[in-house]
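One chain, chain A, links the two complexes that follow: it is found with chain B in the first and with chain C in the second.
Right, the complex of A and B next:
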C-alpha cells in the first residue's frame, strides 16, 4: 500500500527524482512570478485598483514586520512576504482536485524551516556580528547555552511539524470524508481548510519574523526610511 | 515515514528562488513606487508648506500695507481736520471783521441819518418855532417887536471891546435891521442909547426885516450885535443840536 506521507517521484531528471510537491511548487512559482511580473509591469505613482491591492498587501506586510521586529522592514520584506505567499497558495492547493498541497509533505515544510533557520543565523550575524550573535546564546546566563542551542533546533522543528501536521491532517480528513460520505459532503471542511491554510501561512510567516527579529535584536533607535516611527516622541 | 532528501533540497532551492523572484518582480517594484509616491507627497507637502509660508508672508505684508494706509489715512484726516479748523477760524474771523465793519458802517449811517434827521427836525422845529413866534407876536402890540429890544441891543454893544465900539459909526451910518419899520420915537430912543454906549454920535440906516421876528440887529465891519428872536431861536436850536 502506498504511504500517503511519502512523496513518490513522478519522474526523474537524471538521478534527481521529481515528486509532486516539487512539480506543484514549480507551477506555483510560475503563477506567482508571472502574475507579479504582469502586475508590476506598469506601476504608477497614481495607482489603479490592482496596484492599490498590491500596495495594500505590501504595506500590510511591512506594518506587520515593523510591529514585530521594531525596525525597518525592507531587508526582511521579500523573505517574509515570499514565505507567506508561497505557504498560503500551497495550502490552498488542496482545493484543486487531484492535487495535494506541497506543504502537506514534510519535505516542503522542512525546506521552508531550513530557509528560516538560515535566515535567522544570517541576519543574526549581520545584525549583531558573529561574536554578538554567539553571545546571545549565553543570555541570560552561560548556563543557558545548551538550552538555547536546543531551542534553535526545536523551534525549527516546531515550524515544520506545526505546518505539516495542520495541512496534512486537513488533507487526510477531507480525503477520508470524501471517501466515506460522498462528493459534496467535504465542502464545509474544504472551506475550513481555506481558513486553516491562511492561518497557518500567517503563523508560519509571523513566527519566522519573530525568530529573525529575536536574532537581530531590538533596534528601535535605527532610523527607518519609510516608517512613521521616525516621528518625534510625544513629550 | 521516509524523508526524501532530494525533495527537501529541491524545495529549498525552489523556495529560495521564489523568494528572490518575488523580491525582483513584486516587492521591490511595489516598495519603490510607494517610496516614490511618498517622495512626491513629501515634495507636495513641502511645496504646500512653502506656499503657505509665502502666503503668510504676503498676508503679513498686506497687513503692514493696510496698517500703513490706515496710519496715512489717520494723519490725512487729522491734517484735514486741522486745515478745516484753521479755515473755519479764518472764515469766522473774516466774517466777524466783516460784520463789525458792516455794523460800524451801519451805525455810522444810522448816526449820520439820525444827525441829518435831527438837523432836519431842528430846522423844521426852528421854522415851526419861528412861525409860532411870529404868529404869537401878532397878538402883542406892535411896539413890543422893537422897543423891548433896544435896551438889550445897547447892552450888547456896551459889552464890546472899546476899540471896536470906538470904530462903530466912524465911517458913516451903520446898517441896522429891524423886525419892522421903526417909529420916530423908537428911532430917537435907539439913537440916544447907542450914542450913550458908544460915546459918540452914530448914524443908522434902518432896514425892516420881518425874518428877525422881533428885535434888532446892528451890522458893522468888525462886529454884529444881535438882539432879536430869530437869533435867539438859532442859538437855542444850535444848543439843542449840540446837546444831541
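Right, the complex of A and C next:
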C-alpha cells in the first residue's frame, strides 16, 4: 500500500523536486485567481451571476469573521477567505479522477498552519505593539509564560494534524474499500468525504480567525461593526 | 520469526491504537448527538443553529480519533525501529 506520509517527486525544476501536491496547489491558485480576476473585472451595481456569487461568499465570510472576532473584518478578509477557499477546493480535489487532495499530504497542512502562525504573530504585534503582544504571554500571571509558549506550538501542531488526518484518512479509507469491495461501493464514503472536507475547511478557517482574534485582542475602536446588511442570514 | 518481531508488534499496536482510540470519541460523539437531539426536541426553531454547532463540535471530537489514526500510520509507515 502506498505510504501516505511521503510524496513522490514527479519532475525536477533545477535542483527542486516538484511533487503532485505542489502541482495541484498551483493549478488551484491559478483557477482561484483567474476566476476571481475575471469575475471582478467589470463590477456593476446590478451584479451578474458571477459577481452575485462572489458577493455572497464575501458577505458570508465577513459575517463569520465579525461574529467571531467582534471587529471590522477588512484586514483579515483576504487571509481567512483565501485559506478557506483554498482548503475547501483542495479537500474536494479527490472528486477529480486520478488526483489526490494536496491537503492529504502533511507538508501542505504544515505550510498553511505556519502561515496562520505567522499571521497570528504579525497581527498581534501590529494590533498591540511589540511590548503589548509580548505582555499577553504573561496573562493571567507570569507563572503561565511557559504554558502560553507551549500552547502556541501545540495548537499550530494540532491544526496541522487535524486537517491532515481528516483528509488523508478519507482518501485512505476510500482506497481500502475500493481494493476490498469493488468499483461503486466507496461512493457513499466519497459523499461523506465532501461533508468532511467542507467542515474541515470551515474549522480551519474559524480556528485561524479565533487565534488571530485572540492575538489582536479586544479594543474600543471598532469601526463599522453594526452594518445591518451583512448579518448572518437565518438558517 | 525474531527478524520481523518489530513489524509484528507494530501492526498489532497500530490496530490496538485505532481500536482503543476510537472508544473515547465514540462515547463523546454519542453524548453530543444525544444532547443535540434533546435540544432540538425542546426547541425545534433553533434546529439550524444547533445542528451547525453540532457538526463543528463533532469534527472537533473526532479529531481525537484521527490523532490515533495518525499515530497508527506513523507506526506502520514511518516506524523508526524497523
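Everything that follows uses one rule, which is that the second predicted complex is superposed on the first by the 220 of 235 C-alpha atoms of A that agree within 3 Å, B and C clash if a C-alpha of one lies under 4 Å from a C-alpha of the other, contacts with A are read in each partner's own complex, and residues count from 1 in each chain.
To be clear about the criterion, contacts are C-beta pairs under 8 Å (C-beta built on N, C-alpha and C of every residue); 3 or more make two chains touch, one makes a residue touch a chain.
Quick caveat, the model's predicted, so the values are computed rather than measured.
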Contacts of A:161 with chain B and chain C, given as first, second, both or neither: second
Which of chain B and chain C A:33 touches, first, second, both or neither: first
Chain B versus chain C as contact partner of A:194, first or second or both or neither: neither
Which of chain B and chain C A:210 touches, first, second, both or neither: neither
Overlap of the chain B and chain C footprints on chain A, listed as residue numbers: 3, 5-6
Footprint of chain A on chain B - complex, ascending: 1-4, 6-12, 14-23, 25-38, 40
Footprint of chain C on chain A - complex, ascending: 3-6, 158, 161-162, 164-166, 168-169, 172, 196, 199-200, 202-203, 206, 234-235
Residues of chain C touching chain A in the complex: 47-49, 52, 55-56, 59-60, 62-63, 66-67, 69-70, 73-74, 77-78
Chain B partner contacts - residues on chain A that touch it in the complex: 3, 5-7, 9, 16-19, 21-22, 25-26, 28-29, 32-33, 36-37, 39-40, 43-45, 47, 51, 54-55, 57-59, 62, 74, 77-79, 81-83, 85-86, 102, 105-108, 110-112, 114-115, 225-226
